[in-house]
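Alright, structures below, take your time with them.
Look at the two complexes coming up: chain A is in both, with chain B in one and chain C in the other.
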Partner chain A sequence: MKTSSLVSQRTMAVVIISLVSAIAALLLIAFIQQPVHDNALREVVFANLDKTGVSNPVTAVLLNYRAFDTYLEFAVFLCVAVAVLPYVLDVQLPKQKLSAESQVLAIAKIFVPLSILMAGYLLWIGSTQPGGAFQAASLLAGCLVLLSLANVRTIDFSTARSRFLLSGGLLAFIVVNIVVFSQTFCFITLPQNIAGSLILFIEFFATFAVSASLFLCFESIHKGHL
Partner chain B sequence: MAIDLWIDVILCLSVLFVASSIFLVKNTFSAIVLFICLGLVVMFCWIRLNAIDVAIAEAAIGSGLTGAMLIAAWRKLAFNESGDQPDEQKEKSE
Partner chain C sequence: MILMTQSMLFSLCAVILLAIGLIGFLLTSDFLRKLLALNVIGMAIFMVLIAAANNDPNAVDPLPHAMVLTGIVVAAAGTALGLNLASKIVKFARSIQGENTAIENKKSNATQDSSSGQTD
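For the complex of A and B:
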């Protein structure tokens, strides 16, 4: 009995190892057979950069050339937020008073204002240099995580305001594109003269939406019931 | 030139080393810490590829927030395995 189970285990191991090696070999062959990457798109991006309203090529691709992809990404974030929302809705709030200062709170008091400042800087600088909404959002989410670990109440996800916060990026994108479409009849194409400010408008709301979604994911595990 | 190449080789090897050691350690907590380390090593790779914004996102989301989530989940798992403490609390609250 014992030997037969041992044998079947060994055959299973052989099957698994051969399958994994076969997939790895296929991936390697696919990787080698890929044509050499030519930077044809790079020249197109740089040639039309002055029409996008921003001078950072990454932001131009994310929010102007390929705005629809980013728009769908915001929608995915919203779906994730909706999926994990039930875990935090009827959780008891922390009863612990803040009078007894914890170590985490002492750290949070120093780092949270600095991180908020840095997030604002990253959001603003995103139009000319590396940075942007996602980086700022991850910094803000880090702040919220730190505050949550220090037992500070930050966002009450049962209120309607927090729902607007979570869907803010998508709403801003939809509103901007409906207004632009009603004026110019171009679908998801920002007019050249105000593209920069429209991108900043969308990024502003997207920052809060993404950071709230990321924080909600953390909170659903940290405070949520099992 | 040669130093650049050696930095790249060391980064590639360390990514493979850290990633494989995640699967080889038995302890869950060590695996989580190694995952966070992997995020930081990958962040250096992105910096070498001149993608600073991806590096920032990788450091903050890939290792920071995901690491925090994994550690929170690990705490819950450890809590549940250690005894009936959380269940009693739940009954009291209900």
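For the complex of A and C:
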């Protein structure tokens, strides 16, 4: 009985490995035979770049050309935050006093101010150089994780304020698009003259929302399953 | 003729990563390893997109870059959600196991009692 199940498991493994290698071989053949990418969309992106309010093509794609995608992305973040929120709210946080100077706190004291500065810089240069809301958000989330490891309580997720923080990106996007729609009657199309400042406004709130969501994800795993 | 360009090398590595991830996903029954394998598959797909964007080094396509940028952060959030669910499932399985062992103990106690009663 046991030996037969072992044998069938081994045959299953052989079948799976051979199927996966067949798929890999097929993909390799497809990659070798693919026609050369014509970069047609790149031409379109660069042709209209002066109308988007930013000069970094990636930011232009994210927040102007394909703003709808990013809009739904913020909604996905809110969904994830709502899904993992119960794991954080259930637990009683251990009351630990910062009596002695811990190693992590010493590191956090140096790196947190620097990372916050770096995040602000990344957010600001996102319009002209590589950078933007998502990079700044991951840096800020890193700060929050470092502080959480040093037992410093930064965000209390049971308050209404934190909920507004989590949904900030989506709310900013909705507010901007409603205001723009009421003025110009164009759906998710930013007017050329103020597009740059509107993008910065959305990115500012999105940075905090995404970093809070990422930190909430970390907290739910770290503290939620003690 | 096959030209070994940089993007071709990236695509090749991505296919190998995809194969590793698929094998890891299909051959293990552990939640943690399955999640890690899913992440490896995701990285392979990001690599394919980056390779496609870099096909012509003088004209880098910004569209796949934007997709990868948001994809990485969403993958991290999705992994966190998966880890939470896996932890919940393990806790549930443990509690069920505890109940089962308690019931079995009760049953064995009862049979022992009845058998001792018969011998008397």
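To be clear about the criterion, the second predicted complex is superposed on the first by the 214 of 226 C-alpha atoms of A that agree within 3 Å, B and C clash if a C-alpha of one lies under 4 Å from a C-alpha of the other, contacts with A are read in each partner's own complex, and residues count from 1 in each chain.
Quick note on the criterion: a contact is a pair of C-beta atoms (placed from the backbone, for glycine too) under 8 Å apart; a residue touches a chain by one contact, two chains touch by 3 or more.
Since this is a predicted model, take the numbers as computed values, not measurements.
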| query | Who does A:41 touch here: chain B (first), chain C (second), both, or neither? | reply | second
| message | By the touch definition at the top of the document, which applies to A:221: first (chain B), second (chain C), both, or neither? | response | both
| field | Which superposed partner A:58 touches (first chain B, second chain C, both, neither) | value | both
| task | Could you say whether A:139 touches chain B, chain C, both of them, or neither, answering first, second, both or neither? | result | first
| Touching A:16, do we find chain B (first), chain C (second), both, or neither? | second
| Where does A:147 make contact in the superposed view: on chain B (first), on chain C (second), on both, or on neither? | neither
| For chain A, which side has the bigger count of touched residues, chain B or chain C? | C
| query | Looking at the overlay, what does A:87 touch: chain B (first), chain C (second), both, or neither? | reply | second
| request: Determine, under the contact definition given at the top, whether A:131 touches first (chain B), second (chain C), both, or neither. | output: first
| request: Name the contact category of A:122: first (chain B only), second (chain C only), both, or neither. | output: first
| Of all the chain A residues, which ones make contact with chain B and with chain C? | 58, 132, 134, 138, 214, 217-218, 221, 225
| chain B-facing residues of chain A, complex | 58, 92, 122, 126, 130-132, 134-135, 138-139, 141-142, 145, 214, 217-218, 221-222, 225-226
| Tell me, which parts of chain B touch chain A in their complex? | 51-53, 56-57, 60-61, 64-65, 68-69, 72-73, 76, 80, 86, 90, 93
| said: Give the list of chain A residues in touch with chain C in this complex. | reply: 13, 16-17, 20-21, 23-24, 27-28, 31-32, 36-37, 39, 41-42, 45, 57-58, 60-62, 66, 69-70, 73, 76-77, 80, 83-84, 87, 132, 134, 137-138, 210, 213-214, 217-218, 220-221, 224-225
| Which residues of chain C touch chain A in their complex? | 2, 8, 11-12, 15-16, 18-19, 22-23, 26-27, 52, 55-56, 59-63, 65-66, 69-70, 72-74, 76-78, 80-81, 83-84, 87, 91
